[in-house]
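Below, chain A partners chain B and then partners chain C, in two separate complexes.
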Partner chain A sequence: MSVKTPNTHPGISPGVVDSSKSNLTPNGSNLSGKPRPSVTQISRPFFTSSELSYLHSQTIADSKKLVFTQRKHQIFQFVFQIVKALKFPLRVLSTSMNYYQRFYLFNKFEDEEKDESTSDDNELEKDPYVVALTCVFLATKNEDCIKKLRDIQVVANKIRDIDETSKGHNGSGSNGASGGSRNSDSLAEAQRKAIMSLEFKLLQLIKFDFINGTVLTLDSIDSLTIQFCKKLGINYKISMFSWLIAFDIMSTPLCLMIPSHCISLAIIIVTLNLKPSQITTKFTPVEDLSEVNLEEILEGIDCYEQFRCPEPLVNEAIIYILDYYIHQMNYSILNEYIPAIDEETGKEQVFKFMELKSRFNDLTKMNQKSCLKRQLLESDEYLKVWDYSVAMKGSARFMLSNKRRRFSEEIDLEAV
Partner chain B sequence: MDSFEAATQFSQILRNLTPAVQNLTRAAHFALKHSDSEDYLFPSILDILNDPSVELNTKSTVFQFIEVLINESFYYSRQPKFNYPYIQNLKTSLPKIMLAVLPTTSNTNIYNVYTSLKNLSKHFKVDCCEFVERFNLDSLTDEDRAHIDQDIPFPEIRLEDSGEDPLVESWGLLLRKKKQSQYERLRLLKHSEVSRDTVEEQDLFSLRDKNDKAGELLSKRQIISRMEDDREAHKRSKENLWVVLRPKDVNFITEEEFLKHYWSKTHAMTKKQEDAFLETVEELNKLVAGSYKDKQF
Partner chain C sequence: MTTAPLKYSKSKKVGEGTYAVVYLGTQISSNRKIAIKEIKTGMFKDGLDMSAIREVKYLQELKHPNVIELVDVFSATNNLNLVLEFLPCDLEVLIKDTSVVFKSADIKSWLLMTLRGIHHCHRNFILHRDLKPNNLLLAPDGQLKIADFGLARSLGNANEDLTSNVVTRWYRAPELLFGAKHYTPAVDMWSVGIIFAELMLRTPYLPGKDDVDQLDVTFRALGTPTEQIWPNVSMLPQYNALRVYPPPSRQELRNRFSAATEKSLDLLISMTQLDPSRRCDLTQALLHEFFLESPRPTEPEDLPKKKEKRVKEEDDEMNKRFKV
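Here is the complex of A and B:
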């Protein structure tokens, strides 16, 4: 779809904001005649890599890029601990990480050391750990693994060794209490309030889009990958290898760029190309003993016919996955399961990924023509840092792009 | 804490039990922590069930607690320190316990007991498929129907020493209870007058009168709190669908999780499922296409 939309009404290109004009909402102005701020957005759950870097440039200062990445790893480790303690399936982890990354596309990343003088109620909302808790909380609901917020808080604060009962809480939450605050809530209560307020913000950022490319209609990347493996008749060992990649990739921003079915297929294509034989598994089902011809399976894959995966998106994901392992092999879970030195080539594993990437040089990747010029990005209202006051003072509406026809009718009515 | 103190405290815990998972688990852990005083603690459970002043709601919660306790006892006993505490005692008394939770014609707890019994059967490796099937069927015989026509009350259900496995015996009891409730319902439909007047809430839900101390009927507050509790119990039963147990000492995902929750659970799609799947993905692709500014496919 191009920037222009099929209908001729102005201001309704994909997901673009129509701000402070009330003509799109029936009750857009209040009695005093002053227009209330009004925004209508069509959810765009996926961004191109240039859009992502543009969004990050607005929310993460250059000096904080490193802190952001480090913090992200700590936070994801923390979320994994919560998921483990509450026995959630991995899809909760996956969605939480997705939300966390989405949150910092539209919110400034602030990770200040605690400053006594500026303590206020909002301080907690800026704490990435509290943001992460909110993401877990919303993810559990969306993934139908309901837990009380209180239960999540108890587990999370225990993991971080925080005294929940401390009173007079004033902020970042990293060390619990310190005096001199007007607020007399216990930390647990202050945290709860911050999470409830953040949840509403997070909902606006995901544009109340619970499909989010995966949830409900499709399984998450991990399950989908195995579903595809079964469909292709891939054996236990090789499927396990794909599953490990899926786990690694879940935590990357790739899930903000490419829908899960394309990522899953890309994972399988990478796996089949690597022909992993040295992964160590404890179990070996009988059917694994008979030889499978990986080449044959690979040759037989038809991205669109079999999986409805548009090829450029799969290609984009393949390159992303290879790049990920080329740069971060040592931090990956895959690394725990394969020998450090590849037995066949006698080289480190990372060389296999590099060699594979060089073979994939001429793939058709995504078209980013409209996202390369900063000017064009700046003119896209969807990519602006989100203004929460609109929803508080006026109206913010969100819809899915496939439900837009309803919306067009409404505009026609307005035009009359 | 000596055994006597532990028993007193335990009794207090049981009296204040709510069906929140945390609460049930905490009580179970208390019992297991003091499992060397089992001889003192176990009778507290029976006492509370036989105490006529204890509400039926609480008794139902205690039954759910028993399920959790058995569950946790099996789990604890993976460590050599524990040797399946409470399990033998509870199992032997199960039929007696059940009748205490489902006294005379009061069958409000029947569904909770059924759910718990189903879960317990897994632990004791008792195949309950047949029982489950019978539980969900209409079990009234022609003879029963004749009795209903004559307005004869269902015979009282008593414990019989059948020498069967206590769990199987419990199932038998439960099935008879279920039959009793079907029987009594039909009898009520047949032999009670249709009321054309406005019925007070009090009568409609057979609420307990303020002066009635017998405790056969429930008060409005009790009914509402029971609805809350059942919602909690339902949430808990749903939890069993998604819970993933992971080893404590490993800090990343394990092959066991892959084997149990992915490899064994996933099956190749049938043609019909596949068509539905592709259709969903096509719909999704439209959303995806609308997400990017440039044409991708």
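Here is the complex of A and C:
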């Protein structure tokens, strides 16, 4: 929900990102009596798939869709390297990837060849790698794995083989000879400035909602999946299979649609249905499990009673996971741990997923009727490209979605 | 649908620190007094301060009469503003004010409100990690509210290391003094025990001069932990070269806390067990017989209050309290 005052400053229209001005120069002229823009935003951590594609249509040009996807994979690889090098738990990776994908729902994806002639500080802010660094940085703070930004930068730049000390950076990532530059910051310093500015933007995009619409103690998908497996008495190999799916799914936009506990449960249900028998693991577990047991566990799962997962959300996630493997089996991590041909059926693994999907055709999914029409999506101010100048020149207020009731009361109060 | 663009008015600045400025103000619609913590962003080497993130993260989640309320979060002119309940006094001010007399029923009431607030944090899996009289604020109606969640964190994964460098020194539990990397909500319980003692003594119970002295002061008062009373304590990083003090006898404690009843001593001993696994938890403390024996805890509105003072002094106090 997003509400704007009607007396918005004429120079500021919602939906236009004004990135030409530095974030650090407060504009004094607005204080002189003119009405200041003001907006209240109630955090919406999750979107429907139609909302997501609508948002992307505003930020990613059709011609750049492929570049965006490719870049995203490279960047998640890069983030994974940072997380590994700094020995962060996987939830930092998971939160970083969530932030990165969220960032490009509300910011234009620009990934052009660097223009050497511009000496604009904002150039670095558009670099997806710098955006990713910001996401990692904020994720470490939110996940209580605090590291100095400098330390993260050193590791990150080493991974990308970038010379941090090179001078004359205009914020552009390339190490070119942009002679006559007025800016003599080293790359590291230019990067730091860009990250500081991006951090505040990212905070606005997540609406200062540090629990992501769930509860404080809700873990990331990987860890939840293992906890659920343990609770259900699932053995090592099957748990490992679930964990591999979790690791694959973690990098998809599913985390922008479904809360993590529902995704984890969906992963387990998919696993139990597939009854994986061949999986390569380093360890040889002592225990063995008969198929009967798997059926039993599957039968015994009560989505809501046991795991507080609304069934339509779990079903939604199940279909998403199956679709993911049907289309991207060859690029998945899971693929590396299972034989190419399934022993029992004698067919490629992907057919098992397709067969399973056909069995799940009649699942009750979320009803998205209310947000399918483009007209409706267009009238939803929350889905506009976020206008950073509101927080700069006026005020932007942020509320958690569970405070919605209080907000309604305020509206009623003012209507009187 | 509209919202008033200006919902709060700022009146005066009451404190300034490296990363935030605190103002007094009013919520215009309700005329309620509030405190606005304006957090400077973008100028620091490491961006938005961790304590600001924690305060937003945890206070947004907690709502309880004995926990400070985070009324609003907004960003204006590129700063982050936290709108908090306005609480004019804290327990430290009262403890230090020798003209105020504490009855045992008053101490019971403050202790009870503190325990209720912490219990609410712990049942939401949040450790406060900085409990001290200075962070127990008092509302005009006498309610005690736990504030300053800048060091709080959620109880996460059991195999993850936590930093032992938390809690103001005098209120730091022995496991933290020994540099434990894994600890439990019992660290907050210890702090409450030390605050309880301070309320009775009207002076800090274990005022160590530095981290080394803190160990000495703590064990001189409560005995040096040994393997017998605290299994595996000698495995902790900082457990070495300790002077061995015997545990205090019941009579010694009676002498130290001359006004304390037997039940209140029981509770104090239970809260300040050296071995964290033997320390009572919040539920046990709340159900302790101390709260059942007479006198009944004082009603919040009848609790002692800060004496009226000249404006200048009040300002100084505010400045001190909001040193951020």
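We take it that the second predicted complex is superposed on the first by the 348 of 416 C-alpha atoms of A that agree within 3 Å, B and C clash if a C-alpha of one lies under 4 Å from a C-alpha of the other, contacts with A are read in each partner's own complex, and residues count from 1 in each chain.
Just so we're on the same page, a contact is a pair of C-beta atoms (placed from the backbone, for glycine too) under 8 Å apart; a residue touches a chain by one contact, two chains touch by 3 or more.
As the structure is a prediction and not an experimental result, all values here were calculated from the model.
Look at A:L400: by the touch rule set out above, it reaches both chain B and chain C. In the overlay built on the shared chain, the residue A:I234 is in contact with neither chain B nor chain C. Once the two complexes are overlaid on the shared chain, A:S197 sits against chain C while remaining clear of chain B. After overlaying the two complexes on the shared chain, residue contacts for A:L334 are found with neither chain B nor chain C. By the touch criterion defined above, A:F247 reaches chain B but does not reach chain C. Touch criterion met: A:M392 reaches chain C, while chain B stays clear of it.
Applying the stated contact rule after C-alpha superposition, one finds that A:V155 touches neither chain B nor chain C. Of the two partner chains, both chain B and chain C are touched by A:P89. Applying the stated contact rule after C-alpha superposition, one finds that A:I146 touches each of chain B and chain C. Under the contact criterion defined above, the residues of chain A that touch both chain B in one complex and chain C in the other are 3, 89, 144, 146, 211, 217, 223, 400. Against chain A, in their complex, chain B makes its touches with residues 22, 235, 238-239, 242-246, 252-253, 255, 257-259, 261-263, 266-269, 274, 278, 280-297. Interface residues of chain A, counted against chain B in their complex, comprise 1-3, 14-15, 42-48, 84, 87-90, 144-146, 151, 211, 213, 217-218, 222-223, 226-227, 229-231, 233, 236, 239-240, 243-244, 247, 259, 261, 281-283, 285, 307-313, 333, 336, 366-371, 380, 400-402. Every residue of chain C that touches chain A in the complex is listed here, in rising order: 1-7, 29, 41-48, 50, 53, 56-58, 60-61, 72-78, 80, 124-126, 153-157, 160. Those residues of chain A that touch chain C in the complex are listed here as 3, 5-7, 23-24, 26, 35-38, 40, 89, 137-138, 141-142, 144, 146, 148-150, 192, 195-197, 199-200, 203-204, 208-211, 215-217, 219, 223, 391-400, 410-411, 413-414.
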